[in-house]
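Letters are used for the chains, namely A, B, C and D, taken in the order the chains are written, and counting of residues starts over at 1 for each.
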Amino acid sequence: MSGAYSTLELMAVVLARNLQDGEVVVMGAVPALPLAACRLARALHAPTLWYIVGGSGTVNPAPDSLPASSCDPALRPAPSTLPLPDVVLLEGRGDALDVFCAGGLQIDAHGNCNLVSVGPWAHPKFRGPGSVGIPFLPVTKRSVIYTMSHTPRTFVERVDFVSGPGHPSGPEQDRPYRRQGPSLVVTPLAALDFDPHDRRMRLRTVHPGVAVNQVADATGFELVLPSQVPETPPPTERELSELRRWDPHGVLRR
Amino acid sequence: MSGAYSTLELMAVVLARNLQDGEVVVMGAVPALPLAACRLARALHAPTLWYIVGGSGTVNPAPDSLPASSCDPALRPAPSTLPLPDVVLLEGRGDALDVFCAGGLQIDAHGNCNLVSVGPWAHPKFRGPGSVGIPFLPVTKRSVIYTMSHTPRTFVERVDFVSGPGHPSGPEQDRPYRRQGPSLVVTPLAALDFDPHDRRMRLRTVHPGVAVNQVADATGFELVLPSQVPETPPPTERELSELRRWDPHGVLRR
Amino acid sequence: MSCEFLSPSEAVPRWIAPGATVGVGGMHMTAAPMSLVREIVRQRIRIGRLVTSPSASLQADLLIGAGLVEELISPYVGFEHLGLAPAFRRAVEGGSLAVLECDEGSLTHALYAGAGGLPFIPCPPGIDLTDIPKVNPTLYRQVQDPFTLEARWAVAAVRPDVTLVHCAEADESGNVAFGGFPFTDRLMALAGRRVIVQVERMVSQERMAAHPPGTTLPGFLISAIVVAPGGCHPTAAPGYYGRDEDAIQAYLEAARTPEGFQEYVERTILRLDEPAYLEQVRGQQPAGVS
Amino acid sequence: MSCEFLSPSEAVPRWIAPGATVGVGGMHMTAAPMSLVREIVRQRIRIGRLVTSPSASLQADLLIGAGLVEELISPYVGFEHLGLAPAFRRAVEGGSLAVLECDEGSLTHALYAGAGGLPFIPCPPGIDLTDIPKVNPTLYRQVQDPFTLEARWAVAAVRPDVTLVHCAEADESGNVAFGGFPFTDRLMALAGRRVIVQVERMVSQERMAAHPPGTTLPGFLISAIVVAPGGCHPTAAPGYYGRDEDAIQAYLEAARTPEGFQEYVERTILRLDEPAYLEQVRGQQPAGVS
């Protein structure tokens, strides 16, 4: 990657560009990346975007720098703060929230996420932290998935445990709760979405300096590969300068 | 009654004497009487009594005078204020609250209360305001009932509609939720409780100047009448002076 | 979703469809969103199902008296020490209003269910010993507890199509802050498909941000905000003004008969648009009474 | 019921019976009642079932690592950007800890049910598409919705025998006020049969009364209050101090092996009583860091 921006900055920019004005975004643990993306989107093209920082319940907090924890005291004061049980209510209501930010130990070809266990649940080879709020993924208008690990161990054909449901593998009418499901996957290598026909993960753009076969090799299942895979447009100067206004300590440049 | 104190003041004193130190009392609409009783009990013999003023959720409010409404803004600030949904949770939990203050359009021989309808529910002769929180009566440790109307229309053998459950008419082991049920009834004429055997309402004391047969005549069912019915001890000077400290406008003397 | 700042006469027809399920906040005679309620009366919008707080007063009685309510979900309609609700009583005794009988506990849990996407809630203990669920098969059904296999009453989720509440303050992003008490108004707003909030005044975002968690609602939940200082009159707005007992008693006196009710509505509501009503109220009482 | 002011070493054995269901508050690395947690470790009180907030960190990992937890109800144990929870991971992978798998939604609703005397709650949508309920028949069963007759997952009520939470302030009557965030700590306290609260400081009743609804708990719900300034260390206490990342990282480093964990516990916890621990922490960092 270019030295002018970091991989995390590029990922934040890709996420930000995907957020639409007026959407309500909810994010969970380790919020620096989605929080940066939301603030960037608001600053540039989505002035009425709303975002909730997970456990804190803060809505549209604008701290001086990017907090590492979703319950960081620095998130207050925020224009409005929901008690966590109210966030849970709105997550279940479904029509209140638009974009759920998720990730996983494993992410599969249909966008299912696993935060629980690699190997059988009862005798895990690897135990993850737990599912937190991601069972609400299919209830939200859509979800976006991001991960720092684009490897065959993370990107698997089928997750060992479904924490956060992705797309069903069946036909269109089976879409649960009539919501859109995962609409974007952002990794250090690429941006991906899902093929509208079979709803398998599809390569959309490769980040500058990354080859298509490099992404395919890093993915543990057969990606849908369009004939043309453009390069992810790098961050503009404006994007970078806005992004860095709230990141004086370079959390995204580490 | 004596001109030295009003009927409402006497009733407040009777209620106050019944409240035990450490109990948690919850009251509903038109809180002046039970609120005065709670404050009096705290001032005299129950310094760690707790009381929740219904809809407001205020705990142990100490306003300068007795508010007429349970949601009066003058109830704030209070040492602590529960959002109303939390009051509802604690009402259902049962082991959190000790004394529920109730009343009714009709009150029957077993202490059932009716706030809904006189006559058949579908075609009421008289429609009351509704049951509010009194379905929780049998879940609370005990309840106390008070009414300003001691007449055969109010005190009936069997309520037309059960809003607030009283004592079961069956044997001891049928006591719902293993709570005590109604333990005191206070009216302008008398103080009453329930016979431990058949759990029918029993005359305990008659207020000064009231005859036993006057109470029996004012009651639309057969009261349990002990051979000795003492007079309700009138308010002491100390009780009256404490009571009037928070009732400068004489709400209880109207 | 973006919240609009509208006048009462704009907000009410914009978001309240005829026949809708309407939730109206305010407990007893405090924090009733009367500017919005009066506007419904002026525009004669029919309410399919009116859902109130656990205890309602004028906000319900006025709509019922105006003949605008088909079904009512309310655990209490009355005026505490001032007496019973005349229009409610008359409508129920006359058979013109369908009451979905309930209590404070069931209603609060039903709104919680509505807010959280839960289909129903098993009722807390106590109501099983009352006659309430027996007369209301619409809201109550028996459910089998899958853990104990015992039968138990359940209450269906309640989701207003639109919820009307009063708040003290709004900021320009549409965040709103409650005054002294959140009551069940916050929950009813969380359960509403749309929310219209009537506020006393606009404040800066800095002031809004100083309110602690649980005392505000974020603007993304709000469809319209109506700035109506004095708009709870004759009920109280904590921190702003007390209830106007004279005005409430005048209503109760007038509403003893259908004719009196009608005359009262014409004289005090229909004759004036809402800004004129509030202007008149402000002329009658010192500003900032608390 | 009257609340007592106790030291950590008195409060913990007084209200935590061996084998009890213990709820512990604090979300992620904020507002964990660590003085109480450390005291459980010192007194080696066995916890039958540990219930955490939707996201726990050290308050769970320490108890698990000390071998004191039989069953765990927690939707997340981890350290966010600092990594996974070493003791939790080792205990689950080694089969020494039974996990009652759940998510944030189910747990929050289960605590609501516990607080409200409701036997269970039908789950919100979403979880039916996961593997969670299938692996946890203790907490999840299928219920038939009596309104739609559809099958649906339900979660059982969760009621801690004792709930441990951190608050910012207490007054002499035992009322307590939360700091920046109520999280699910308020709800877990409402659901607890007993509640022990660890606070930063005592305040006057006047100051307590100024807190708005929903930010306090009344003293009648609290069995014991422990005044432990700095007691959330190394997690954060909003308004008082931030998290001590160096200390958390030292723990994570040490706890990579069972031996390291044991050595860490002996060196930093067992060697000192809680007042001495807090004294030491105060000596290491400037007072009043926020």
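Everything below uses one rule, namely that contacts are C-beta pairs under 8 Å (C-beta built on N, C-alpha and C of every residue); 3 or more make two chains touch, one makes a residue touch a chain.
The structure presented is a predicted model; accordingly, all values stated were derived computationally and were not measured.
Separation between the centroids of chain A and chain D, computed from CA atoms only, is 28 Å. Chain centres here are Cα means. That of chain B falls 39 Å from that of chain D. Averaging Cα coordinates per chain places chain C and chain D 37 Å apart.
For chain A, the set of residues touching two or more other chains reads 57, 81, 83, 88, 92, 94, 139. Of all residues in chain C, those touching 2 or more other chains are 109, 112, 116-118, 124-125, 180-182, 186, 211-214, listed in ascending order.
Chain-to-chain contact here is organised irregularly, matching neither a line nor a ring nor a star, and falling short of all pairs touching. Interfaces, counted as pairs of touching chains, are A-C, A-D, B-C, B-D, C-D. Across the complex, chain C is touched by residues 29-30, 32, 55-57, 68-74, 76, 81, 83-85, 88, 91-92, 94, 115-117, 121-139, 161-165, 176-177 of chain B. Those residues of chain C lying in contact with chain A across their complex are 1-2, 112, 114-118, 171, 173, 175, 186, 190-191, 193, 205, 208-214, 216-221.
Within the complex formed with chain A, the residues of chain D that make contact are 27-31, 53-55, 74-78, 80-81, 84-85, 88-89, 92-93, 95, 101-105, 108-109, 112, 124-127, 129-132, 135, 180-184, 186-187, 214, 236-239, 242-243, 290.
Note for the complex: chain A touches chain C at residues 22, 24, 48, 50, 52, 57, 59-60, 77-83, 86, 88-90, 92-96, 139. Of all residues in chain C, those touching chain D in their complex are 109, 112, 116-125, 141-148, 152, 154, 156, 180-182, 211-215.
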